[in-house]
Amino acid sequence: MYQGIRISGFGGQGIISAGILLAQAGMIENKHVSWFPAYGAEMRGGTANCSVVVSSDEVASPIVARPDTVIVMNEPSLAKFEPMLKPGGLLIINSSLVNSKPQRSDIRVAYVTCNKIAEEIGTTKIANMVALGAFMGLTGALGVEAISKALPKVFKRAKPELLELNVQALKKGAETKIS
Amino acid sequence: MKLINKKPSSLVDKPMRYCPGCGHGIVHRLIAEIMDELDIRERTVGVAPVGCAVFADEYFNCDMIQGPHGRGPAIATGIKRSKPECIVFSYQGDGDLASIGMAETVHSAARSENITIIFINNAIYGMTGGQMAPTTLLGQISSTCPAGRSVAVNGYPIKVCEMLAQLQGARYLERTSVSTAPGVIKTKKAIKKAFQNQIDCVGFSMVEVLSTCPTNWGMTPVQGARFVDEKMTPIYPLGVYRSPEQ
Amino acid sequence: MPEIRVDETRCKGCELCVTACNLKCIAMSETFSVTGYYPAKLAKLECCTGCGLCAQICPDLAIEVWK
Amino acid sequence: MAEKILMKGNEALAEGAVRAGCRFFAGYPITPQNEVPEYMSWRMPEVGGSFIQAESEVAAINMLYGASATGIRTMTSSSSPGISLKQEGISYCAGADLPIFFANVVRGGPGLGNIAAGQGDYFQSTRGGGHGDYYTIVMAPNCVEEMGNFPRRCYELAEKYRVPAMILADAILGQMMEPVEFDFELVDPKTLKAPDWALGIAAGRERRIVRSYDLREGKLELLNLERMERYRKIQEKETLHENRQTDDAKLVVAAYGTSSRIAAGAVKMARDKGMKVGLFRPITLWPFPAKALAAIAEHVKNFLVVEMSMGQFVEDVRLSVCGTARVDLYARPAGVPSADEVFTEIEKVYQGIR
Amino acid sequence: MKLINKKPSSLVDKPMRYCPGCGHGIVHRLIAEIMDELDIRERTVGVAPVGCAVFADEYFNCDMIQGPHGRGPAIATGIKRSKPECIVFSYQGDGDLASIGMAETVHSAARSENITIIFINNAIYGMTGGQMAPTTLLGQISSTCPAGRSVAVNGYPIKVCEMLAQLQGARYLERTSVSTAPGVIKTKKAIKKAFQNQIDCVGFSMVEVLSTCPTNWGMTPVQGARFVDEKMTPIYPLGVYRSPEQ
Amino acid sequence: MAEKILMKGNEALAEGAVRAGCRFFAGYPITPQNEVPEYMSWRMPEVGGSFIQAESEVAAINMLYGASATGIRTMTSSSSPGISLKQEGISYCAGADLPIFFANVVRGGPGLGNIAAGQGDYFQSTRGGGHGDYYTIVMAPNCVEEMGNFPRRCYELAEKYRVPAMILADAILGQMMEPVEFDFELVDPKTLKAPDWALGIAAGRERRIVRSYDLREGKLELLNLERMERYRKIQEKETLHENRQTDDAKLVVAAYGTSSRIAAGAVKMARDKGMKVGLFRPITLWPFPAKALAAIAEHVKNFLVVEMSMGQFVEDVRLSVCGTARVDLYARPAGVPSADEVFTEIEKVYQGIR
Amino acid sequence: MPEIRVDETRCKGCELCVTACNLKCIAMSETFSVTGYYPAKLAKLECCTGCGLCAQICPDLAIEVWK
Amino acid sequence: MYQGIRISGFGGQGIISAGILLAQAGMIENKHVSWFPAYGAEMRGGTANCSVVVSSDEVASPIVARPDTVIVMNEPSLAKFEPMLKPGGLLIINSSLVNSKPQRSDIRVAYVTCNKIAEEIGTTKIANMVALGAFMGLTGALGVEAISKALPKVFKRAKPELLELNVQALKKGAETKIS
């Protein structure tokens, strides 16, 4: 089992912490995991992205150059990361903010109105969790239990209520189907 | 209707990579306008620092050089002595100029190198993500003084203009701020004078510009501007610290 | 009538111009641009005197002042 | 056994040093190692140690020179350009026999380069980038767990032989997160014996001098010869390496640090296709595990060196196999290869083997 | 009869390698006498510079460390923070402290490190054979300004006390001279205070001592002493520039 | 032909640079190279150039960075500790493709070491003591005349390939006097073509940028690969060496700089006693004349390396002969051997040859 | 009677003590010592008051003042 | 032909320039020559010494570790340099200032009252020339002509009268015999 994931969006959309959450959950499931951020000079522009690997084997490179899954949370990310996706790979699009459509036909695409769903649950801050939920539902790569255990480790200072909302968002996201 | 603020031709026409509300963009525009007004673009060589303004070498439409962290004054010295007919300026942040580059700053002033230094004091290390600068205020939080700058661990902020004013070679020193539009206008005047001095072979000129780093201050740009006025200016009073007329 | 024109591809929504305008002519858009920011806009008609202060403080050369 | 924690490499490095008894840190910000000073800025006061953000890398290494002369465990860290600035100070520490510990989280070079990963500082690290005859013990982790566990070994070796020791990492190892389990008990510095050369309270003993010079004719050479003997012992006793599937291999890939984990992925791909490929990974870069490599070269006649530099590490491989095997080079100067790319190189070389 | 000037036990009893009439020897004796008087020899760690006083590590009968040129304040910082119970002093020349070590000097003062610096200003690079120092006077001849120091090529002498006085962290700054016996006595008082300050945890203290380098000035020691009084003191006025009482 | 002049090595070095068109010198005093800045302090104004005594070696190399970016011939010089401080700046010059010229008049190290001669900076010089992948052209004179004549070649190569070039000398070569005859015509800098990358008056052309970085993903590697290709060309075309009596030799002594002249004396003593001993002397240390040495190794199976260091130069000899010959080492770390001592070593090794 | 004693193995003949003595008690020897310098000596009998100024300025701890 | 010479004395006795003069003269006679000073830290003490080689062959090391000739101009130099001398080597002692006697019996010794002779000629400043004269007379290593030509090159700013005195000193010194 090997899952290379690339998550991308604006700074402030919780891209970084979503990635860490995946890695943490993978670790709880006794998988080999790695997380790697885009950092530095790119930050100035206001975009953020990170690589996550969850694997039954040792992780070679933590930089996921040919992802199995790409999650794009904003418009500019689509153009940048769609081409990297493996043939047959999964592209999860936050259709609340992304209007463009992918170009490729050799991939699987799921549209999720992350912001809308998150808002319905209570706050757009958890749009990232909706996307993660979609990822889990569509790939089965990680169990809800592991993620739930991982949540308080990643958001150390978050109130239980907020964590609860996160779980709701994950579950809601998990209902996503490939379009 | 007429466009009253044409983009200066000394600035390359492309969006800048600085964060929203960052003072670097303002000062870049001012320098470019001055190059236009003094008609020196074709004989100006700018030195870009290591710091967020490393990108200055992309934005100024004149010959540019980017060198090691803090060594702008030495690089500018090398250029100016080799090509006295050029106008040479060094653009530096507070980490660059007042921390690692302190010796180069003091000595270029002592030698009264006929160069112009634009010193952006934003009380933080912007590019590396918000570590303490020599100019960070007491009590101010940064990623390397997470409990706030304390005298016992980190010592006192350095007032660069005040210190350099003790050097005979420092011919023109002024501190301004770009937190308000009138401040921007004053800053432009000061920087223009610092360039004019070089044209007139007056010697070392430096303008210290109080600027913002909303990103690393954890503030909105508007809050940042207020921070400059309310917190920084009392510690770093604006004004002329040395002038060639003195 | 003087006016300002905001270049949405340059504006990063910092709101410094809003504060700079003594006449409070400027407001922020409610929708974000392609770059992900909520850009500034001239909000009140016939408000602007073309004083240029907003352009002075704009870090991104996003404001053109027409007079 | 301790719990696994998901940590950034830089944080593991800092925490590992603290757990190993470090009580003085001086550093200067530079990407991609900023998490180290940031972590130390609160962690040091927490354990009763000192943290100083120095005015420059030059000042930082000299603060270490002073602090470690008092006999305590010290640390500084930086990335490529900053390490260059420390070369004079490192040479002084070597000359004064001070067991400092430092880390270089390498980025792309030369010059300002970039802030991504590179391995272009290999020569500087393994052959004393500073002036004069000296070596520094160099450990090259290839995962976050090793980032956390190697500082302890660095301190112990540094103190045993009175030489500086360093960790050579890179931007990937510094920035990535992985699970970490610290494999050693917390070191309480109070339990460490104060060295008999440490400066401080001199009551009841002769005064001590820490210095790196001897201006008397011919005397400096004697110091150097004595140090050379220590270096010889280190080379004899303190090498570390890892062999994977080298026994039946027709081709062995040699790589260290980040390259070695990527190469491991490629080697696995090759084995999956039935190719007899192994991996040699030096863990200490100086002392270089030359004998271990020579032993492999007795039955393996083809090596492929993978490094994120122009061809630096390859020199140590060549010196070790000493003409007895063919050594090919896949050089990626300031570029991070993917496992696929390394595999392609393996295939190319493998096909050429009769 | 009684011997009224016993050799201080904080000085190793052997001839010093300095040239005839060199001020280093005088200041060495003073520091040793002070260590005796304050009874701190056994807890003092001294930092020897690169410069003629590199040999200080042989002469002071306390723990000593010799490090890279100009970095005394950083080394002293490392020691003091690791062993706050120790008294740490850094002994430095003008090339060491004011040229290559300028950044370390300014920053240790800004941090108000609780250390004591003895700064020997002899307006020249002694050890390397008489090159220009940052403190070389205008018009003064050295081997790297053989026609005399000129503003155009070499800039102005740096007045270290005046400059550091602008830093809040610099708690005690005094300039004295050892060109005359009364000057020696005053110098001793100043240095003693600089040590006492450290014992009292006052923070950064520095004494700048105007001294001679007859060898590289091309003068007899007596001419050298006169040079200090007649030429140096007008440029570098003696006195207290900052005191903790302030 | 010009008259022979009795000169100190340091003065010959400075005068040689001036005659080769150097018009900017920035330096900082340090023994044993003080005569270089002292000489330049009056000579530069005399020829209309600039002399600056910088506040430090760090400032000096950065002044060069700026000055040479304007396209003129520049120089700095120092000795071991000072050269360590310049490593960051040298790396930047390499990264920005600036053809600076500098000299290291090596003393004993590490640390403050001593002020006598040493060869302990070989690694630092030949393998980029600074961070990142880069090389510097290194010429190693062994007499005062070469001290005077090599700067010209350094400038020409540096400019041709846009890489830094240096002279690696030592305290003996710097301080001794010997007769000098400059073997080239005075270069008038006005006759040199201004390079198309030089900063300055931009009237009528596009603006130019000098820098050493590219932060865009993957781009820095492209710059490095292009530079690697230049390095390959230099290695192919620009090596210099000297063979003496190697044709019939059973043993060849390999040495450079001061060691090579001492070794030459010892080789003569050996020949006088009928021993078949020759001398190989690399004149460029980087690029290293590896092929020339390999050619000797085709018929000579014994080499004795003599170096005033712990065993640095010997690595290049070993890499060149690549296991085809036996390589012995006579290492004198910061010690100057006499010809007698070298001869004794020759005898020892020679006796062991069957 | 107070007096000074000069240690000839330490004295480097700098003459600073000669200048320092207000009473001009000190003079330089005419023959040099083993170290090659012409050392100082108490020249006038019953001149010295033991004020110690000469010892204050002596860089080489060559003067003992006895009182 | 090979002559390795070591000259030593107090700073100010013209040790350095005497050495340079020998090298310059050797060069004029088309010999291979080298000159090497003791420099640096030792200077502080007030002594000076240098090595000179004059040879028909290339010079190997300019540091003369086993001199053929040693010239000692002051007392401390005798103890330091006598042991270095080659067996059978020549030791020239300035007996005006050196009272001690050499220890070795396997060397040739010449006593020259350099200061006295120099004073008689006109100035003790040329005591070094008397010693050089002795060297030339006793070894024949260099001709008077070469030295005379070398003089104005080394003492560029010296008046002709002084140069003349130097020549006299050389000649006087050349009359020295082994004792």
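Letters A, B, C, D, E, F, G and H name the chains as they come in the text, with residue numbers starting at 1 for each one.
The working rule: a contact is a pair of C-beta atoms (placed from the backbone, for glycine too) under 8 Å apart; a residue touches a chain by one contact, two chains touch by 3 or more.
As the structure is a prediction and not an experimental result, all values here were calculated from the model.
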Pair joined by the larger number of C-beta contacts - G-H, F-H: F-H
Chain located farthest away, centre of chain C as origin (C-alpha): H
Distance between chain centroids, defined by C-alpha means - chain C, chain F (Å): 60
Length of the line joining the C-alpha centres of chain B and chain H, rounded to whole Å: 62
Gap in Å, rounded to a whole number, between the CA centres of chain G and chain A: 87
Distance from chain C to chain A - Cα centre to Cα centre, in angstrom: 35
Two or more partner chains touched - positions in chain B: 18-20, 54, 66, 68, 99-100, 102-103, 106-107, 129, 134, 154
Multi-chain contact sites of chain H, meaning residues that touch two or more partners: 40-41, 46
For chain C, residues that touch 2 or more chains besides their own: 12, 37
Sites on chain G touched by chain H in the complex: 12, 34-37
Touching residues on chain D, where the partner in the complex is chain F: 58, 80-81, 83-85, 87-88, 91-96, 106, 108-116, 118, 120-121, 123-124, 127-134, 211-215, 217-221, 224-225, 228, 231, 309-310, 312, 315, 318-319, 322-324, 331-335
Sites on chain H touched by chain F in the complex: 20, 23-24, 27, 33-37, 39-41, 57-63, 65-66, 153
Chain C contact footprint on chain B (complex, rising order): 1-5, 7, 11, 15-16, 18-26, 29, 178, 180-182, 184-185, 214, 220-222, 225
Of all residues in chain B, those that touch chain E in their complex: 99-103, 106-107, 110-113, 134, 151, 154-159, 162-163, 165-169
